[in-house]
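Chain IDs A, B, C and D follow the sequence of writing; residue 1 opens each chain.
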Amino acid sequence: MIKICRAIWVMRFDASDRLARLAAVAVVVLLSGVAETSAQTPSTPVAGVDAALLDDIVIGSRILADFGVLDGFGHVSARHPTNPNHFLMARSLAPALVTADDIMEFDLDGNAVDARGRTVFLERFIHSEIYKARPDVMSVVHTHSPGVIPFTVTKVPLRAMFHNPSFLAAGAPVWDIRKDFGETNMLVSDSALGKSLAQTLGDKSVVLMRGHGDVTVAPSVKMAVFRAYYTDVNAKLQSQAIALGGEVNYLTPGEGEKADKVNFIVLDRIWNLWRMRILPTLAK
Amino acid sequence: MIKICRAIWVMRFDASDRLARLAAVAVVVLLSGVAETSAQTPSTPVAGVDAALLDDIVIGSRILADFGVLDGFGHVSARHPTNPNHFLMARSLAPALVTADDIMEFDLDGNAVDARGRTVFLERFIHSEIYKARPDVMSVVHTHSPGVIPFTVTKVPLRAMFHNPSFLAAGAPVWDIRKDFGETNMLVSDSALGKSLAQTLGDKSVVLMRGHGDVTVAPSVKMAVFRAYYTDVNAKLQSQAIALGGEVNYLTPGEGEKADKVNFIVLDRIWNLWRMRILPTLAK
Amino acid sequence: MIKICRAIWVMRFDASDRLARLAAVAVVVLLSGVAETSAQTPSTPVAGVDAALLDDIVIGSRILADFGVLDGFGHVSARHPTNPNHFLMARSLAPALVTADDIMEFDLDGNAVDARGRTVFLERFIHSEIYKARPDVMSVVHTHSPGVIPFTVTKVPLRAMFHNPSFLAAGAPVWDIRKDFGETNMLVSDSALGKSLAQTLGDKSVVLMRGHGDVTVAPSVKMAVFRAYYTDVNAKLQSQAIALGGEVNYLTPGEGEKADKVNFIVLDRIWNLWRMRILPTLAK
Amino acid sequence: MIKICRAIWVMRFDASDRLARLAAVAVVVLLSGVAETSAQTPSTPVAGVDAALLDDIVIGSRILADFGVLDGFGHVSARHPTNPNHFLMARSLAPALVTADDIMEFDLDGNAVDARGRTVFLERFIHSEIYKARPDVMSVVHTHSPGVIPFTVTKVPLRAMFHNPSFLAAGAPVWDIRKDFGETNMLVSDSALGKSLAQTLGDKSVVLMRGHGDVTVAPSVKMAVFRAYYTDVNAKLQSQAIALGGEVNYLTPGEGEKADKVNFIVLDRIWNLWRMRILPTLAK
């Protein structure tokens, strides 16, 4: 009995508006008899990488799935913390199911360092080519964001509606794969396609992909996930504002630049909330 | 105690963002004392049909209900794997409640092979007539998809917004029951109506039904369910794109054909996620 | 232990896509030690009224709250089964919390038969006056349906989009309280207001209330709830169809009449689903 | 065992449509062995302030997060009940996580009375300056309400659609920070900005903030939260009504004034529902 209680403590069930899930997990842990091992902090599955970074990738993948920004597809990656020519990304599976054990290491040509038979994402070249082109980028998120897809197929540019998505005030270009590559299967499935996408991204934080989705980049996983979330929120609100009719008073580039600095200050407040929601789903 | 733990293992509670449900089920199983029998793989209730196919019908029915693509109505069927002149479909009940035990066998005139007093769906002729007309079709899904219904009553055609619903790039015709049959109760309640619907479907993957819903077809249950889901998603996103104003840049037929091939490759990734969400609801 | 298991059986946890709730309730029942009394079928709290009718009012109130058709306000009533000059309605509380014990009996002037200090709804006159004017009506539901409210303040009439809300094809008039009563607090808080509303309803199934919500009526509680639900669904879909632009092809009155007959045949299929979702919330 | 049951009683699990959460919490409480202390009424953490007022702030913060009116940001405050020159507000954390222990006391210059190293909200000046300017206001709520943000960036005024948001009939002015302060980071991060915002609010119940969100005020925490919720609901419904095309028949100021009086009468009905939903999330 003492063992059980300890296991439950480790899962931090103390405060969350999704306590139901958490408690349910506690029950599973209790009943299954696997509590003690599964609730321990896992040893890091990628050599030389801190568990906290893998945790960010896992939390980010799952919270975006939880919000519906991701469905069964899409991915969150991080540049390797000590080898800038490598990056970290899950094997091919739904983002809602990603665990630290699923994360693999890739070089910037999209080759897995140690595949061990695991299947990899067809679109890893989105990530490899952006890491090549943008040394400042430490994380890349690719989604089929439902709010954003309509903006990938119209001439209406996505613009910053309020202060949290202020990074959009610098512009969010649209990449149309058909322009240079003709009729394709729409996927960024090789380096040439990835390079073209990275060029359209330029020095921005977000690039939209026609008939596909978007990519957000940032100096950290947390911020790339934050941007993926608020890009989706902004797109939905901008659609509503346009539907009201008349001119829309967007954030100016100057306001956007100033407001985005505040996002870095408050980021942990929302990340802590998101992490608390996701942690219970991780106990095996 | 050993028995209980075994039962829970069988339910694969190890990773899911709906762990709460699963754990809750585990509790029910534990408390009710019926764990061992109910958690076993069921013996197949339809002679000569593999349990995996029935499982696909059950998972498909329930995940579409979970997404709100189906409410209390609609149905998922499969062509009989060894007798192409028969098909499999649940008795008349809400799709969220379908189990393998509810699945019955029908001939292509819509007659139940062995009804045993079970009530059958009024609209089974949607399925029987499509299986007659389209030898390539192995599964049929009928929904009152809320995203799609608006497109059944306007002149705006449903078109492919992004790569997952790429099968729409080939066209999604609208069948208006009033055109040939006058004022009816709107239901496809006999073979003549079903035949007319199948003719409008033609060689496409989706047919819309005016003032009613839609039908998706595919070479497998998984793909027919995938198409039902993404037809609903696409319709909602297309509505949003149109509301932004101006021209919409849809997938071309060529892009659609190429992108749809990728869907067959990645299908299991999203199906595994869906199955993991639904499995816990199946333990009695 | 035997006692506990029996109590849980009574709650019918055997099949539901909301098993989590149910199981959770089972746990509460188990832990609280009040299982046996609370899980029993309650003795009916209104003299001469079958428990099944009270159950319908409770399930209907809660499922509409679950769908967001009702929030903290609104009510479901039934004509008294043996005394047509009386009706049954909860004391004043949020519909999501209504239990059979909360249901009171009223006469057609809106007077409580045996108040016992319980507070009553200000708008019970919606119900009393409709029961007076429409002998065929056995149930009345009043909601602030979010889909419908926009249709109460425009000149665009609510019309039948598909076969489930076919009862709308006969028309859904809008009652504007300001027309005969000037500037009020918007509530139907006396018999004169209720009578005016009932006159606008006429022989229809639905009446919209300007700047307020709607009322649905039917020959049974189940059907009045079904109509409240599908009136909300229809309104949302009609808004989307109108936003697509161009003419909308609504159900004709003839189609509506025929399709509505089918609703009576399939009603129990969706009601069983709804009841299964709500039952777990009722165990104390 | 007796101790456990008592703890569960305290949490009032007896009736709620979110019983799952509650029961889950009960399980956690049971398993963790912390039941008795955590389920007790907490001693008030702010000197001289009744626990019931802190409870209102906590319930209000969490229910608005539950409805999505708040995400990781925003705050609910109350004027100090015995010192009108002070107010109560959580330390800087996501509203879904606020507990009574997190609530701090501030003076009307936004200084914490006893910070004890806790971080405070950058935008506490929204609250301090409104309490200064409006002696009648006892509570202030600031949100990034997704329904409302579109109305902060257009010329379309937010107006009362139905009786619950009747307080909007008096008008809801928009404050544009750029008008007097040029390009900023959009935040109300000092007294001068707060004062300007309070001047635009004037004697109204709601003020919109361009590219940011809104603020609602009221004579009680419950009513300020009610207004934040219904401002969001109203904005969404007004968007839908406008999209239908044609003139919208809003509540007149006279109707709004009368209807708002009823809101004070029925407030506890919806608050009780909200409190019942949130309480389970509070058990540690």
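Throughout what follows, a contact is a pair of C-beta atoms (placed from the backbone, for glycine too) under 8 Å apart; a residue touches a chain by one contact, two chains touch by 3 or more.
Since we're looking at a predicted model, the values are computed, not measured.
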Provide the labels of all chains in contact with chain B and in contact with chain D. A, C
Under the over-half criterion for shared residue numbers, do copies chain B and chain C use the same patch or different patches to meet? different
What angle, rounded to the nearest 5°, describes the rotation that places the Cα atoms of chain A on chain C? 180
Just the number, please: Cα centre separation of chain A and chain C in whole Å. 42
Could you give the separation in Å between the centres of chain A and chain D, each centre being the mean of its C-alpha atoms? 30
Taking each residue of chain C in turn, which ones touch at least two of the other chains? 20-21, 24, 26-27, 243
The answer for chain B against chain C in the complex is residues 20-21, 23-28, 31-33, 62, 65-66, 71-73, 92-94, 96-97, 99, 122, 144, 146, 149-156, 176, 178, 183-187, 210-213, 239, 242-243, 280-281, 283-284
Of chain C, residues touching chain B in the complex: 4-5, 8-9, 13-17, 19-24, 26-27, 30, 160-164, 166, 233, 236-238, 240-241, 243-252, 254-255, 258-259, 261-262, 265-266, 269-270, 272-274, 276
